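First chain A sits with chain B, and in the next complex the same chain sits with chain C.
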Partner chain A sequence: MNPLLDVSFAAIAPELVLTGAALVLLLVAITRGRPQLVMLPVGLATIALGAWVAIGGDLVPGVVLALLGVAAPVLPIVLPGRATLVQAWGAGLALGAALVLTLWQVGPVLGADGGSLVASASFAGSLASDGLSLFTRLTVYLSALLVVPLGYAYLQERRINRAEVESLILLAAVGMAVLGGANDLVTAFVALEVLSFALYVLASLARRDRRSQEAGLKYFVTGAVASAVLLYGLALLYVATGTLSIPAIGASITSVLVPRGVAMAGLVLVTVGVAFKVALVPFHFWTPDVYQGSPTNVTAFMAAATKAAAFALLLRLYLVAFPGLQAYWVPVLAVLAAATMLYGAFAALSQHDVKRILAYSSITHAGYATIGVLTLTRAGLSATLLYLLTYAVGTIAAFGVVIAVERRRRGEVTLTNLRGLGRTSPLLAGIMALALLSLAGLPLTAGFIGKLEVFRAGVDAGLTWLVLIGVLSSLVAASFYLRIAGIMFLDDAPEAVAVAVDGDGDGDGDDVEAMEAAEARMPLLSAGLSSAVAVAAALIVVLGLQPQLLIELAGHAGVLLR
Partner chain B sequence: MIEGLTGEVLAFIVFAGIALGAAVAVITMRNLVHGALMLVIHLLAVAGLYLTLESQFLAVVQVLVYAGAIVVLFLFVIMLLGVDRDDLLIMNDRRRVAGIVAAGLLVAGAMTAAFVGPYTSEASVCGSGVAAVGSQQPCIGLEAAKGPDDGAGVAFLGRRLFTRYTLVFELSAVLLTVATIGAVILARRRDLVAEDEDGDGDSGRDAGGDALAPVVAADAATDAATHADGEA
Partner chain C sequence: MGPITLTIVTPLIGALLLALAPRARERDVRALGLGVSLATFASSLWLLSRFDVANPDLQLAESATWIPSIGARLAFAVDGVSLVLILLTTFLMPLILVASWRSVQDRFVGYTAAFLVLQAAVIGVFATTDLLLFYVLFEFTLVPMYLIIGIWGGAGRRAAAVKFFLYTLAGGLLMLVGILYVHAQTGTFDYLAIRDAVVSGRLVLSAAQQTWLFAAFLVAFAVKVPLFPVHTWLPDAHTEAPTGGSVFLAGVLLKMGTFGLLRYAMPLFPDATIAFAPWLIGISVVGVLYGAIVALMQSDVKRLVAYSSVSHMGFVVLGTFALNDIATTAAVVQMVNHGLSTGALFLLIGFLYERRHTRMIADFGGLAKQVPVMAGLWLVVSMSSLALPGLNGFVGEFPILLGTFATNRAAAILAAFGAVLAALYLLWAYQRIFHGPLETEANRTTPDLTRREIVVMAPLIVLIVAIGLYPGPLFDLVGPSVDRVLAEVAAVAGGVR
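Here is the complex of A and B:
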C-alpha cells in the first residue's frame, strides 16, 4: 500500500454504503419512472464488488454488499410504479446494512479480549474507531432506520415527500456517524456541517406551511451562528496548541508553552457553540419553534439522532481535549446542566402543543446526559451513551404516535387532540403512554435504565447536588408526562367527533362531509408507521426488562481514543 | 538606506497601506458600486500580503473566492436593489460613526493584545526557546511544520489534502452534495408532487391545488361541526 495514503475502507464501511445508497437514490429520482436504468447496473456492480470483498476475506461486508446489489434491481420490480416507496425501501435497506456493518465492526474487537473495545485510529488519525464512535453509529443508524418508515405515509399525505428526502436522511446519518468518530477538529467541523445542512433542508421541507418555513429559517440562522462561534473556538484552539488532532490537543493543552488566554478563549467559544448544538439552557431558545414547525418525522430524527451526534462531539472534545482544563469548564457546564434540567421541566408544564412539550423534554434530557459528561469517568461516558440510546428509542416512539394523531392537522397537535385517544385507539395511546413513561424514567422502561446509570455515575463522581436537581426535574417532568397519559385515558373524546359521527341522521351532503370529518379525526396508520412505532415500543420494553446486554455493551464502549 | 527597511518590509508597508486605505474607502464612498470596487482593491492588497508571507495558495484563493465570487455576489445584490439608491447605507449620525469606529478599534486592540501578544514579546513562549512538551510545538514556523518531503506552497497543501486529510476532503464533497440538493429543493419554484401512487404525477402543476381541496373541505366540515357544538 502507498505509505502516504492511509485509507481504511473497513473503518468507514457503513458510511460508504450509506453515501453510495444516497447517490444511487438521487440518480433513481431523476430517471422519471425508469429506475432500472440505474438500479440494474448499480446492482450488478455492487454484487461484483461484494463478491470481490468476500473473496478477499471479509465475508460479512461482502455478503451485505451482495444482498444490497440483489435488492437494488428487485425493489422496482416488487414495487412497480411507486417511486417514493422504492426510495424509502432503498434507504431502509441501506440503513439496515449499515447497522449490520457497525455490528460487524464491534464484533471482533469485542470478542478479542472479552473486555473493552480496542480504540484505534484510521485515515492518518482523522477518524477514531472507539466505543464512542461505534455507539454513536448504533444510535444514529437505529434512529434513522426507525424514522424512515415512520415518516413515509406522513410525508406522502402532507404531499411533501420529495424524491430527495431519503437521500438527505442518509447523508445526515453519514455526517452524524463521522462526527461520532471525528478525531481532529477539521473532520469534526465538516461532519457537523454535513448533518446540519441536511437538517436545515429537511426542517423546511413543507414549503406551503409557514411554520415549517419558520422552523427551517430559525434552525438555519441559529445553527449558522453556532457553527461560526464553534469554528472560531476551534481555530483559537489550533492557534494555542498548534495541532488539529484532538488527542494531541488534550496532551499539550496544559503545557506551559500553550498561551492560557488563547486556550481559554477557545474553550469558551467551543462551549457556547456546542451548547447551542445540544440545546443547553441559555442557548436552547431555538428548540421549541424548530421542533414544532418541522415535519414531525424530521423532528423525531433531530431529537433522537442529532442529539446523539452532538453529544458525541461534546464528549470527545471535553473528555479527550479538555480534561486538563477541567477546573474551568466543569463548574460552568454543571451550572448549565442544572439550569437546563430545571428550565426544560418547568417550561414544559405550561405548554399545550404536544410537539413543543416533547421539545422541552428533549432540552431536559440534554441536561441529564450532560451529567454523564461532567463525571469525567469511564462509567459516566458509558452511561451517557446508554442514555442517548434509550432517549432516542423513547422519543421516536412518542413522535411516532404524534405523527399518527397529527394526520390532517398540518403540524398542530395539542393536548385536546389527544383527549380520549385511549378510547378510540387504545393501542396507540398505550404506546404513547409507554414512551412517556420511558421519557419520564419510570421503572421497567428503557428510560429508567438510562437515567439510573447516569445518576449512579454522577453520584459516584461526587456530583450529588446535580443528581438531586436531576431527580427534582424528573419529578416535575413526570408530572406532565402523566398529565398527558391522564388526558388520553381519563378524559372523554372531544364532542366534535361524536357530533360528526352521530349527526348523519338527516343524510344528504352532510353525510359525506361528516364522514370525511370523522375520517380526519382517525389516526393515520400505515404499515411503516405501525411497525416502526411497534419496534420502538418493543425496544423500550425489552431494554427496560432485560438491560444487561446493552449495559454490558455500553460498558465496553466506554473507551476513548486518546 | 534606512536600517531594517528590507524589500519584505517595504512590500508589507505598501500592501498594508493600500489595504487600509481601501478599507476606509469602502465605508466612506457614497456610491455603493464604488464601495464594492474598493473592496476588490482591499482584497487584492491582502492577497499581496499573503504573497509576501510565501503562501501562494492562500493568495490565489483570496483572489478567486473573495475578490472574484463574493464581490460579484455583492454587486449582484446592489444591482438588484438599484444602484441609484445610495441612501441604503449612508450613515449621517456622526456620533454613531465615531462610536462604531471606537468600538472597532477597541475590539481590534483587545484581540491583538490577547492573541498576538503572547507570541511577540521577547519573554514570550516563542522567544524563550524552550523545547515543547509532547509531540507538538506551539510556535513553529511554516518551514518547521512541514515534513522533509512536503515541498513548498501549493504542492505541500495538495500532498496534505490527499494524505493526512483524505477523509475530510471526501467529506467536504458530501457536504457540497448535500448543499446542492438542499438548494434545489428549496429553490424549486413549485413542488413536484410525488410522481407515483395513483398516477397523478403527470398533472404536476395542478396536483398541488387539487391535493389541498379535499383537505380544506374536511377542515371546513370539522370547523362547522365544532361551531355547531359550541353554539349548542
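Here is the complex of A and C:
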C-alpha cells in the first residue's frame, strides 16, 4: 500500500483472487495426485491474508479470502481422487468469490439511493474503476461462473478436460475484466491479448477434433491480424496525441496540435480492429467457424463473456477517446451496426447446425448492442451494458441445452437432432425455448428488457431509423429462433424414439434395439449442467418479470471515467 | 386485491397449479380447468357489478410498481369497452375448455395451461393503462397461441403457427417503436397521463409525427384485426388451429386489434385519426366484400368461416372509423357479437369435424335428418352471423351501416352488399351440409350432439337471442366510453382545445 506506487489492491481484488486461483489450480495439477502439497500451504496463507485484510478494516474481502483459504485444502478431501472435479470446484468458488467482491465494490453505490457510481482511477490512471468496468466484471464473472459447471461433464466425456482448462477460463476472465477497466492503451492491449491467448488455447482444446483445431487456428490467425491492426491504430493514436491515457486522448484529439490525418488513420485502424473483436459485419467472418468448431462450453463463454469484454473496449474507446471525432465514426459505426443486424439474421436463416445458428445470432446481437454506443448518451451506455448481460444469460442457456444434446451424439448438433426434444425431454426443450424467446426479445424474458432499453435509448437519441432496422432484424431473427422451437415442440420425435417411447411392450429384439438407439439420442444431463442451465433459465425469467434492480444497476453504471 | 387483479390472477394460479402437476390425471385437469375458468368468469362478473355504467372514465383503477426506473407500472383500469371484452373472454373460456374435453387427447395439461395463461394475458391487454405493459401483454399472447396452434393444430399447423407469430410480431414491434417514440416525447408510459396531455393540448404532435405514430400502431392492430391486405395469416391460423384455438382467436384475439385502435390509436393521435379515417373506411369496405366473396368460394367450411371473420371484422373497423356515436358504439357491440356468433360456428364445425374428420362441404349433405339438434343450432348461429333481425348480429351490423350511411354513403351501400353476401355464403353452406339427400354411409351414421356439446352451445345461443331481443344494456355499457373517445378526437382534431 505504498502511496508512491498508487497500487490499489481493492480495485483489482476480484482479479487478484482469480489470478491466484488460476496459478494454484495449475500448481495442483502438477503435484500428480498430492494436491495438499499446494492446497494446504496456500490455504493457510490465504486464511492469514484474509484475517489481515479483515483486521485492516475490509471485512468482506477478508471473509471471502478466509473462506477460499478454508476451501482450498477441504476440496481435495471431500473430492478424493477426482482431480478435475477439484479444479472445477476451485474455479467455481474463485469465480463466486470474484462475483462477491465485485458486488462489494458496487455495493456502497447500490445502497445509496439514486446515486451514481463514482468513477475513479488507480495504478496511476491505468485502470478505471467506473460503471463500465464494474458492470463488465459482473457480466464476465457471471458468465464464467455459469460456464464452468456447464462444461465440466462435457469436457470430461470428450476426454479433453485437461488440467489447464479451468485456469485458462479464469485467466481469460481476468483479461476480460481488466479490459473492462483498462484506461490506457497499453493496459487495454495487454488485457486483450491475455484473454485472447487463453481463448485461442480453449478453442482448440479438442486436439483430436479437426473442427476444433480449425476453430483454434482460425481464431488465432484472425485474432492476431485484428490485434495487429488494432495495435497499429493504437500506436497512431499515441503518435497523434502523445499520450497513452484514453481520457487524455479524448481531451486532446480535437486539439489543433493533433495532426488530424494521423488521428483519423488511427481511428480507422482501431475501428477495424475492434469491429473484428466484437464481430461486426464485415469483420465477422471468423465467428461461425470458430463458434461451431470450439468445444461448446468454450463457445458459450466466448459468446457471452468475450462479447461483453470486447464491447467494453469499444465503449471506452469511442465514448471516452473519440467523442471529438463523432462526426466521422458515428455514421460508419451506424452502417456497420445496421449491416450486422441484418446480415446476422438473414445468414442464420439458411443454417442447419445449431451452434452456427447461435453464432450468427451472436453477430446479430452485436449489432443491437452497438445501437447503445451510437446514442453517445449515458442511457445508451447503460442500455448496452444491460443488453450484453441479458444476451449472455440467454445464450449460455441455449448453449447449455446444445451441450446436453451434443454429449450423447458426440458430434455436431443439427436442427434435425432437436426434433421431438419437446416430447422426450420437455424440461430441457422448454429451457431452450425460453432461451430462444429471450434471444428473440419476446416480452417477459430478460432479452426483452435488454432490447427494450437499447431501443428506448436509440429512439430517445433520434436513431429511430436504426431502431427500425433493429425491428426488421428482430423479426427475421425471430423466424429462425421460432424454427428451432418449432422443431423441438411441433415436430414429432424421430422414428426410433417414437417407437421406444410408445413401446408396444411385446419385448422383442427390435424394441430393445430401438430403445438403445433412442437412449443414445436422449440428451444427457449432469448435475453441473442442469444447475447452470437452470440458473440461467431462472435469470431469464426473473430478469424478464422484475428487471428493476438490474435496470437500476445498469443506470448507475452509465458512468465513464473521463 | 381488486376485481381486475383477481380476474387476471385467477387463471394464472390455475396455470401454475397445472405446471406443478404435469402428470395429473385428465379428469382432475378437466375439473381444475373448468373450475378456474368459472371462477374467473365469476370474478369478471364481480368486476361488472362494481362498474359504474354511467361513468365514461376508466374506472376501478389498480396499480402496482413494476419497473420504476423507466416508469412502467402494472396499472389497470376498465371502461365500458374493455369491460365487455373482458366479459367476453371470461365467458368463452369455460366453453372452450369443455368443448375440448374429447377433441384434445394429447397433453391436455399443457393445453389447459396454455389457455389459462393466454386468458390472463388477454384480460391484461384489455385492462391495462400502461403502454409498455400493453405492448408486453399484447406480444406475449403470441407465445401460448403459437403453442396452441402449433402443438394441437391440424396437418399444416407449423406453417400456420409461424405465419401467425411472425405477422403479429412484425406489427407489434413497429408499435413498440411507436410506444418508445411517445415515451421519448412525454417521458411516461402512463396512458392516462399521455391522453390527458393530448386532450389538454400539452402534448402537441405534428401532423407528420402523428401520421407515423398512427401508422405504427395501425400496422400492429390491422394485422390483429385482421384488415385486408394483412389478413392472410388468419385463414391458415383458423383452419389449422384446434377448435378451442379458433374460438379464442375469433372470439377474443382479433378484438385486441379493434380494441387497440379505439383505445390507443384514436385518442392519442386524433388528427391522424381524422386523416386516416377515409382510407380505413375504404380498406374495411374492401375487406368486407373481399372476405365475403372469398368465403363464398371455399370448399372447407372452417376456411369459409375464417374468411367470413375477415368480412365481419371489416364491418367493425368500418363502424369504428365512421366516427359517429351510432356506428362506433355499434362497432364495439359487433365485436362482442362476432365473438359469440363466430365462436359458436367454430364450435359446431369442431363438433362436426370430431365426428367425421373432414371439413369439406362436399363430403356432407342431408345431415339435418340425421343430426337435427346440430342443424338447428347451426341455423340459429348462421342467422345470427348474417344479421337476421331479432338475433345479435343485427343489432350490431345494422347501426354500423346506419351510422356509416350518415357520414359516408358510398361505403355504407357497398358494405351492405357484404351483408347480403354473408347471407349467401352462410345459408349456402348450411344448405349443402344439412339439406339435400342423405346419401353416403358416413353421413347416415353421423351421431347428433351429445349432452356435453349441447351444454357448451346453450349459453352462446341464449346470449345470441338475448342480445338480439334486448340489446339496450350492452349499448348502455359501451356507449359512454365510446362517446368519450369520439368527443376527444373531435375536440382535439377540431381545434377546440
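Note that in this section the second predicted complex is superposed on the first by the 526 of 562 C-alpha atoms of A that agree within 3 Å, B and C clash if a C-alpha of one lies under 4 Å from a C-alpha of the other, contacts with A are read in each partner's own complex, and residues count from 1 in each chain.
Going forward, a contact is a pair of C-beta atoms (placed from the backbone, for glycine too) under 8 Å apart; a residue touches a chain by one contact, two chains touch by 3 or more.
If you're wondering where the values come from, they're calculated on a predicted model, not measured in any experiment.
When the two complexes are overlaid on their common chain A, residue A:271 makes contact with neither chain B nor chain C.
Residue contacts after overlaying the shared chain place A:474 against chain C, while chain B stays out of touching range. Ranked by how many residues of chain A each touches, chain B and chain C are led by B.
Using the contact criterion defined above for the overlaid structures, shared-chain residue A:294 touches neither chain B nor chain C, since it reaches no partner. In the superposition on chain A, contact of A:159 is made with chain B only, not with chain C. No residue of chain A contacts both chain B in one complex and chain C in the other. Contact residues of chain C toward chain A in the complex are 22, 65-70, 132, 135-137, 139-140, 142-143, 146-147, 150-151, 157-158, 161-162, 165-166, 169-170, 173-174, 176-177, 180-181, 183-184. Contact residues of chain A toward chain C in the complex are 426, 437, 442-444, 448, 452-453, 455-456, 459-460, 464, 467-468, 471, 474-475, 478-479, 482-483, 486, 489-491, 546-548, 551-552, 555.
Put simply, chain A touches chain B in their complex at residues 4-7, 12, 19, 23, 26, 32-33, 81-85, 123-127, 156, 159-164, 167-168, 171-172, 174-175, 178, 184, 186-187, 190-191, 193-194, 197-198, 200-201, 204-205, 207-208, 216, 236, 239-243, 248, 251-252, 255-259, 261-262, 265, 408, 495-496, 499-500, 503, 513-514, 516-517, 519-521. On chain B, the positions that touch chain A within their shared complex are 114-115, 118-119, 125, 130, 132-140, 145, 159, 162-168, 171-172, 174-175, 177-179, 181-182, 184-186, 191-197, 199, 207-208, 211-212, 214-215, 217-222, 224-226, 228-229.
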